[in-house]
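First subunit A sits with subunit B, and in the next complex the same chain sits with subunit C.
After this line comes the complex of A and B, so read on.
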């Protein structure tokens, strides 16, 4: 490892000391001590080494600690940049983060009774106890979650009251601007949906220019009884960015959690989703696709925990790896001893389009209950030559035929999406990624 | 629950306390002192009259081992062995004066084999199987050597091979499993006391199935076997390995290494029935089984097939692997792993596809009962030049009772677009309908479960050679006794 890339704890701790007074919420004492604690926890284990099983496919050697020099908020960005990043036809609340900081100018909260949507620091001021409890999630997670807690530059809190249904999906846009190269962009969010509440969130991560940024976006979700939450994430960060997104979810009785993700950009992306089913009849659906070429690597790490009986979970992930693309899917299904009558499924299929591409898959089942139905499947292969020939013989040239087949392969994951604007966005992004290929 | 429950429980309790092969033979042993250091290794090497290069090889492995740490990634929970509290060398007293034929063998030993039901005389006549019996660490009898000699097949103990076939040994020993491959392999390389050496010359189809029975006898004796099989061009051999061990209260360590070299167009079939003492029904005692098995398909169209039935041991850590280097080479892994009571098994395979047109098949059946934990852990890796690779993996787990666990941890790593890799896994319990059907036809619960489990494992059992299949089928039944009710 070169000197420049060397990631030392001392280095990062000194950056932290230098910037912490300027990070949001510096005036809240207990928040500062939570940050300190996060840093201490992080320094204890540091960056996970290559021999740590959960990180074995992730090249953390790409991480650079000098991003922490740049944690200050940058100037605002033009309105048309924001407009372009938002999905049209949706009239719900819009939350905009620029370089990890909540942008007051571009954020537009549409008031609705029973719905609270505000910045994390604002929330912290009036809800100290609750915020501290929430931050414990981060403290109890891995070293990188603790790092995110220590260095976070912003975040949002969404609370949906009992039996309230959000009128429109909320759009959350994270924009990395061109103004400063190599930034640390760290957001920490909290979503709490009370009994019978319903919400949809569309969250995108976009770069408008260069800069080898390191983004972390960690979201902690609690879903009460019969609550429902759908999260749609996609990221098209620049090709130098390290993108990490983690979602921790607690799913109570009869609650419903759906998570969709599309990873295209970044130098390296890692999407972690960790739902824990703690009430009977809970239901979790995870869907995702990752498209990689030209040195881009995508990791998806899911950890589905069935703690109680009679829950269902289903995971479908599709990967397409073109020239120089790399991926790793690590999916774990854990069924606790008492979680009888669990129904858990998991599928990961990968297409390799070029010989310089690489796909890794590790679907894992850990089962401690006997009366369960658990299955997983994983495949890695190239395009079906017969299907390709069929299309060729109908007059489609090789490129068009390939694109059609790959699109069909990917779009299957997004078939069930009800919000047309989101579905279109996903398909358009996948389509243009394919167009960029040779 | 069911009418037969009480009766079943009683039967089970009777059987549970009585490990069929649990007895101890009293024979004076020649032992090196407990513990491990360079002197012990020199002692072993001297006892074996080994050439100097082998001693150096052992010492190198030992020094490397000292720097290694015991792996912890497996889903196993056991008390780590104290490596200084183990005897690394134990040989029957008459080692310096080896018997030339069965008549010269210590009668006490022969009686042991009879109790095990593997009487040599009987086997010589009935099965036509050449048996290289390993009693603790030294081979005491080798049969049928003459017949094999005519064909040019070498079938002897590894110590003999080190003396008599130094070129082959030097060329191939450690070429598949390097001395410092992993913690247990390094330990084995340093202290292995005996094992089997097989060489099948070019174009020879071995006229009989070769078989070794392993026994662990003396308390606190680590068993460090080393097996090396070389199948030269266009040859074929089927090798059988089976084991039983007497009842012991302390955990006994076993760290074997098996290396197989398969050259052009050759085929090796390696079958194992592992029935070491699994510990009693409360989880006391039992063998620790840390095994490194690996085959290298070095030539065009070479083929290796692993079949294993794992019913014994308290802890099993074992991943028979195939390195598919030659173009068109084939690797197969068929496994049945049964864990009951407090047994733990973390087992699977590795298929490393290097050559073009290589293919591999993995069929794994894991059965978990009582409070046991059963893990399939497997890797399929396709390297960039492995064009048109094909892999199919199927892992099925069966859970009997609600206190056991079944886990599947497959790794798929592909770096070639023409590869086709598939993995499927299911986990379920014995279907009530199947059980009811059997009961209705007059079978008791134990018989029914045994029947259903045998059906569940059929694909693997069919791969076993005839005489093994029969034993293995019985073992499935015995291993699961006490798991239902």
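After this line comes the complex of A and C, so read on.
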């Protein structure tokens, strides 16, 4: 194992041994074994280094010595802090994690027949087989997914029964509250939507305190035939946070998966979305925007796997990079030999507001079927000077003109969202990010 | 109202205008004609303040103010409007939002309150109807997917909404069929007034049949080489620039 390929994770192993007896679900033997296995798998490979193709744009060097310790389940945080983190006007269930732990006080489960929403450890107690199967996903994924499995302090499980439609979107809020330095916040979640079921999830990641954090939030999703799931994520973590969010999805026949994301905060963010289309006529839409300046880097990695014929996937990502901002979009589309009549599209456009900013875009198409439609486009450019002058000539000063153009560029990604509270939140966050610029 | 004296303009180091003089008084309509490359669009951009149009000599005074000291948006605030030869497409910004932002930016510059939403809606509906624009177009992104004629009509709606004191129309007639030309001419004529002025820049005399100018100037090689009344435009149409001793390919 050369350091150029991977950084050793040994420094984390000793911390794992020290805390493992106190991790949630420590009384479940098989869960502890899964955690042990996760740690072993993680240590075998270590932390991906810059020579690993999938990580070439995001240097994880700053993880190689810092341990990022799990915190104790912190007492609690004020209700108004939680209220501020939630979107108004939505009456659905609210699940609140504080520093990686599920907060019983602030979580509010609205009962609905055919909908099960509970903590991962609670679920594990009564569903050993299913949980073990689920954790295999993490074990079979990369080394960091194994690390998350070993160290996670909580997570949620959502199960939607056949033909049940969730009455309201579920809000999941992850709050980093204390200002302790070098803490890890790790959650692992499971969403299972049965045939014809439908759900919407709004998931946010915020920091109310300072201190450096390493956040991991990994979600494993199975969508049965004709099921539909929409996930809306956004993160405004503090400027010392390393934010990693991974979503693995299995999409069955006629099922529909939509994922929206907005990355603004953190020192470094990595959003991984890996849908696998395993039934005909499945549909996946991925939409996202990332906004960075002042040393912030955002990395979006998608891996769309078309395993069967006649599925559709569509990805649209927009980046805005201001002074000192950096981004990478890596979009891999795999079309298996049998996946004829696949329709896969991918687009990544980036706007550079300052010459010191950097945007990388890397479409990667692996197509083994011969009768498919696959399109991809990637651009990196500056604001259109003609458009700026057009707005100036109509009375808008430079700042207002730039703001209008950048907001328009970003908002196109979120146009089709029909939950107004979510759309407003995305646009407001983008707007205030622009306001903070020079 | 507008006083241009000995104006020299360079674009990327290339001399385009070489000592242009022009005075436009309130109530007047002036037409600038000239062969391709004479500097017609450069004049429009220089008056309205486009970046990259470097003024190396001369002055532009608008209502007693040194216009060259002002940014493009400030010139709009003072009452200048530029109708573009090639209106720009702005994806993601609706016509409605664009106009509201424009009008309120100009009001802010003038120290006025924002226009009430109700008044704005009333005004825009009225102006769209006057210029025969489908109200659905107002909800669409600015100029995106518009035909050439629709784009020019959109310029006229913007002009009507902004209600400028001084309008510069840069080849607004180019590429229009006769129906679209009539609508554009009608839009321009609505901007006439005793306290207003219009500068029409055109390659052809055609538009001037509908927008009758008080003065016609011929621009060639960066200078005004001939001035007259509307008869001059008709002579140009008949005899061509060569008939006036102007080399069509001077630039």
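Quick note on the criterion: the second predicted complex is superposed on the first by the 423 of 438 C-alpha atoms of A that agree within 3 Å, B and C clash if a C-alpha of one lies under 4 Å from a C-alpha of the other, contacts with A are read in each partner's own complex, and residues count from 1 in each chain.
The rule is short, and it goes like this: a contact is a pair of C-beta atoms (placed from the backbone, for glycine too) under 8 Å apart; a residue touches a chain by one contact, two chains touch by 3 or more.
Since this is a predicted model, take the numbers as computed values, not measurements.
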Which partner chains sit in contact with A:88 here, subunit B, subunit C, both or neither? Use first/second/both/neither. neither
Subunit A residues touched - subunit C or subunit B, whichever exceeds: B
With the two complexes superposed on chain A, say which partner A:367 touches: subunit B (first), subunit C (second), both, or neither. first
Check the residue A:412 against both partner chains and state whether it touches subunit B (first), subunit C (second), both, or neither. second
In the complex, go through subunit A and note every residue touching subunit B. 53, 337, 340, 350, 352-382
In the complex, subunit A touches subunit C at residues 384-387, 389-398, 400-401, 404-405, 407-409, 411-412
Would you pull the subunit B residues touching subunit A in the complex into a rising list? 73, 75, 382, 384, 397, 399-429
Using the touch rule from the top, collect the residues of subunit C that touch subunit A in their complex. 48-51, 71-73, 75-77, 81-82, 84, 87-93, 98, 101-103, 105-106, 109, 141, 158, 162
